[in-house]
Amino acid sequence: MGNCCERAGNFFGPQKNTNVRVSLPAVCFVWQIAMIILFGVFIRYDDESDVRLWIQHKLDHNITSDIENDFYFRYPSFQDVHVMIFVGFGFLMTFLKRYSFGGVGFNFLIAAFGLQWALLMQGWFHSLDLTTGKISIGVESLINADFCCAGSLIAFGALLGKVSPVQLLVVTLFGVTLFAVEEYIILSLLHCRDAGGSMVIHAFGGYYGLAISWVLYRPNLHLSKRLNGSVYHSDVFAMIGTLFLWMFWPSFNSAITDHGDGQHRAAINTYLALASSVLTTVAISSMSQKKGKLDMVHIQNATLAGGVAMGTAAEFMITPYGSLIVGFCTGIISTFGYLFVTPFLERVLKLQDTCGVHNLHAVPGMLGGFIGAIVAAAATEEVYSREGLNIPVCCLFKGFILRFPIWGDPADDNCYDDEVYWEVPEDEETLPPVLEYNNHMIHKHQDISESNFSVEQS
Amino acid sequence: MGNCCERAGNFFGPQKNTNVRVSLPAVCFVWQIAMIILFGVFIRYDDESDVRLWIQHKLDHNITSDIENDFYFRYPSFQDVHVMIFVGFGFLMTFLKRYSFGGVGFNFLIAAFGLQWALLMQGWFHSLDLTTGKISIGVESLINADFCCAGSLIAFGALLGKVSPVQLLVVTLFGVTLFAVEEYIILSLLHCRDAGGSMVIHAFGGYYGLAISWVLYRPNLHLSKRLNGSVYHSDVFAMIGTLFLWMFWPSFNSAITDHGDGQHRAAINTYLALASSVLTTVAISSMSQKKGKLDMVHIQNATLAGGVAMGTAAEFMITPYGSLIVGFCTGIISTFGYLFVTPFLERVLKLQDTCGVHNLHAVPGMLGGFIGAIVAAAATEEVYSREGLNIPVCCLFKGFILRFPIWGDPADDNCYDDEVYWEVPEDEETLPPVLEYNNHMIHKHQDISESNFSVEQS
Amino acid sequence: MGNCCERAGNFFGPQKNTNVRVSLPAVCFVWQIAMIILFGVFIRYDDESDVRLWIQHKLDHNITSDIENDFYFRYPSFQDVHVMIFVGFGFLMTFLKRYSFGGVGFNFLIAAFGLQWALLMQGWFHSLDLTTGKISIGVESLINADFCCAGSLIAFGALLGKVSPVQLLVVTLFGVTLFAVEEYIILSLLHCRDAGGSMVIHAFGGYYGLAISWVLYRPNLHLSKRLNGSVYHSDVFAMIGTLFLWMFWPSFNSAITDHGDGQHRAAINTYLALASSVLTTVAISSMSQKKGKLDMVHIQNATLAGGVAMGTAAEFMITPYGSLIVGFCTGIISTFGYLFVTPFLERVLKLQDTCGVHNLHAVPGMLGGFIGAIVAAAATEEVYSREGLNIPVCCLFKGFILRFPIWGDPADDNCYDDEVYWEVPEDEETLPPVLEYNNHMIHKHQDISESNFSVEQS
């Protein structure tokens, strides 16, 4: 065991420079200042969040009560989505034994930057007032911005541990841009409905991440194998992410659907699909192991597939048992993905997908699009194939750019390690009273193993 | 210390077969398929979540705005309750040092199955349209389904670490069924009100769990004693559960009360009762220890007793100071329960209650029923005693079934151990740079203690 | 390393008596009983939570639907604020390696007591009906009570690890009292608006904590230095706190603003300011370290500065880009505070500020007041300086009282240690199967290092 833990990797390949002291602050400052300028030029409050416009809006629409402000229809759902983006995605990615800071911290950075850029991009495409040249934002815009970040965070799942924070910001910048474009094509040009984003968010995010991961393929990634796994408590942390995603998915899929029965039905359908996929995930996970033990990777991920797959269809009259069937099938498919497809992708297609976003987002998202198409009896399949066409081209170009040696990404033997980009505290000290006892013990045996104590403490 | 950790238990009693590779997937699939069929036959959207029915409903009731859809009255409360069920109960049960996966993971499985069965059972008893033979569901049904699961999750608290996931699914199937029956008796036949479920949920769940635990008594459970306790970080995880339960209890008790002042008052009363029980729990916990130190078991559990006890009375005009008095008393009673009653139950009545659900749910739930009865000046005591009669009979029968050797439950020396049903990762590796240092140290002393390194790593 | 861990401190200074077995229960009981009596005398349900008054209110105001009850306007925001107070502040303070129980547990105790006293104090100052002598409470009162606790919890951040729970209850009693007074002066006498509490909550709480910390200065605190830091997983726990504070801050700043556009706009502005401060915090944190690594202290704290600084201005028409600028500047200022001001304060002004509340609350809170003043074009600067005058006088007196040797506070070498006030479990046992293996190994080498095993296990 000692050998496999040695930093042998240092002797392979050129040592990478992971110092981001100049590039990371530079990118953060430049982009934040750009955001401020662009917001100053383009972004305004909408009818429901501007003092005067809301008064006018109430007069125009004969509204007597402030409770009819869209804020009260959507703010609780927005907050649930917000929790999914920051705690859900963030903690789901703390499962690696030494990359929990990176998982939750870079997720935080990506989302905080991405939502600003998303407000602009989505604004230009969807709500630009051509007379005034301004974008109006309200609570629905905030939800959409969070959704847009989700695409890039899913992509982050495929890259987890293998890229630098600067690369992640670039991935987010491109990802949000691409997202706004494909969303515009799917929703506005092809007139599809995809309120919970099966295609627009999950299939897009999944394939976007996989495409970048493919371009950034690391042939010697096995050198970091010792760190590509969980420890007991990191798996418990990841369950925080799983559960907040799972619980709030009904809000995710109902957040921007029609007021009234639309939001109501979307929440019910998603709730049922999710419950169903938990049972089939547990079943397949248990079947796949010799003694029937459950695997945390499946429980943390595949249980969510029902929510992904209901993204498009949740607002439709898919019926309660229809929702259960969707969850039933996607729970099985997603768990099989973790068992067979991820190893296959890595071995054959050279795709290194840390979190298995292919099984949780890409495939269930595609399925969700088909389900929505069937339910709506509309030709969304066409849409899907078109999407499948657009993305790779951009990603390839983008991935090529990301290979330049300026991004401070870690070396192959240095992946999945918080040491690279974070100040990591010394490991746990034991309890003082116990320590005292230890000291006593050590003194007794000092002649035999003087240096043993520091070894054990570390 | 070495001795107490040896797997000595292996030599006692017959070795149990904990392989659930056939039974667990079989049960999951059979039950999920049954759910799909039954949902197909019985379950439909209600007036407020069906497209056409909602339009008709608005016309019939002269409603002009979608904001009057029950979704906007109850969805935020539903989401809070949902968090309590999955994160609250789930993380509260991560306190055991090596059963955190089981605590949060089996909780997830139970609730995901239970809520589907609850929608059916509660539907048949409470909202079956006798003309069409259909059950209509909406957001209030989802809340009630979550409530119904709470009963089985409380029972799980008494069984934590001692049963297999297959047994838990059976416990849930029976538990939800029994719940729907007793709820029907209490609410519909005896016309009691119990919106927050002091009797219906907490007293029921507590006694249901205790009855099963009594039948499944393990005389040699002391063989697993080394694992029946917490470590530092597992206690911090459990506080996540405690706090989410504590914070959202006002939503739990107000989720299905009357619109307007009813929900408003229930939230205020519960908020006050909970605050009060924190102070008396801290007081008794500190008094009970020689040096006045606080015990995490009490803080994690007894602080919640005020919420349990307000379940019935929260919606009544109990007055703010009345709520404080309820919290004051139940905080004391519950902490005393952990100090004296749990050990007594185990020693004298052969009741092994891992989470102490007797002190947190059973007793405060009973008290809550009495308080509600006093406040409402209605004869709910009669109800309560009747409930006390019904449950044990069923539980005895059920417990008998659960003793069959087909369920894959762990042996006495194997309880509280995730190894049995979960793939558990290797224990924590230390930081690579430190490891390098260690290796160096070890090489220096290799002649003395060559195998020491692997010992320390494990 | 062995030496620095010895309890050498025991030989310095007089040994302190940290036994709180009498004082803590006594204070809890006395105060909780006082609360019950005072609530009985003063507190009643308000128009919207009392059965009869709500019916009357609907008639008086020509309200036809229960959805117009203030509960539906404010309860979702209340629950978000509630999560910030208990999970947000609580988990943010779990970052210390051996004071996680104290961080989250004492936070719980302080808030549960403080909110009761706040309902009374704020009631007397703001909503006492002079005819009946009664205080009416509703959901807005609960939010204000939570806000009021926030002041004392911020102060706790400066004292973390250095005071006893009894002292904390006294700090809370005075803190809430002082809060109600300064709030009355600022809001009612000077007619300022401060809905999110930049001045009223954050600047107050920060300076209150610093003043007490200054009076309680411990010259030999370096004796506890080994415990004044984090370990890997305690930093991940703290991120739970950070993220829940960050995500729900829009609810914090909009919870008590005007219905309709007011709440809507406050949420948007806060959302934007927070996003912006994440990027500048990351930038400065990376710049400050030789290799550009990020520091968890900054990410956990300074990212929140944008929310603090928007407290006053969030409800105004500050414009979206204005919000981004506020977040941009405060992220930088707060991170610089952690880098340079905290060490300076400790060295020169003898201010020991465990959580750096000066940088997260005091300074951004002050700035928030100025920003609000500029935006509102009102003379709030005057207010601020007046506040700066009032607090220290009271704090000095209070700090003097807290130095009496009756409070059970820890000795200088005993700070930041849960052992003092909590029953702490034995440290983590390793996995049983591995243990078995260990035992084997140890037997093999028993002749050389017999006692090694217990050393490693501890």
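By letter and in written order, the chains are A, B and C; residue numbering begins at 1 in each of them.
By definition in this document, a contact is a pair of C-beta atoms (placed from the backbone, for glycine too) under 8 Å apart; a residue touches a chain by one contact, two chains touch by 3 or more.
All figures in this text were calculated on a predicted structure; none of them were measured in a lab.
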| item | value |
| --- | --- |
| Chain contact graph, described as a line, ring, star, complete graph or other shape | complete |
| Angle of the C-alpha superposing rotation, chain A to chain C, to the nearest 5 degrees | 120 |
| Interface sides of chain A and chain B: same vs different residues, half threshold | different |
| Chain A and chain B, separation of their C-alpha mean positions in angstrom | 30 |
| Multi-chain contact sites of chain B, meaning residues that touch two or more partners | 67, 72, 76, 98, 233, 240, 424, 427, 448-449, 452, 454, 456 |
| List of chain C residues in touch with chain B within their complex | 18-25, 28-29, 31-33, 35-37, 39-40, 43-45, 48-51, 53-54, 65-67, 69-72, 75-76, 79, 82-83, 86-87, 90-91, 94, 98, 100-101, 104-105, 108-109, 112-113, 115-116, 137-139, 142, 165, 233, 237, 240, 408, 420-439, 441-442, 444-445, 448-449, 452-454, 456-457 |
| Chain B residues touching chain C - in the complex, by the definition given at the top | 1-2, 5-7, 67-68, 72-73, 76-77, 80, 97-98, 226-227, 229-233, 235-236, 239-240, 243-244, 246-248, 250-251, 259-261, 263-265, 267-268, 271-272, 274-276, 278-280, 282-284, 286-287, 289-296, 299, 303, 317, 319-321, 324-325, 328, 417, 419, 424, 427, 448-449, 451-452, 454-456, 458 |
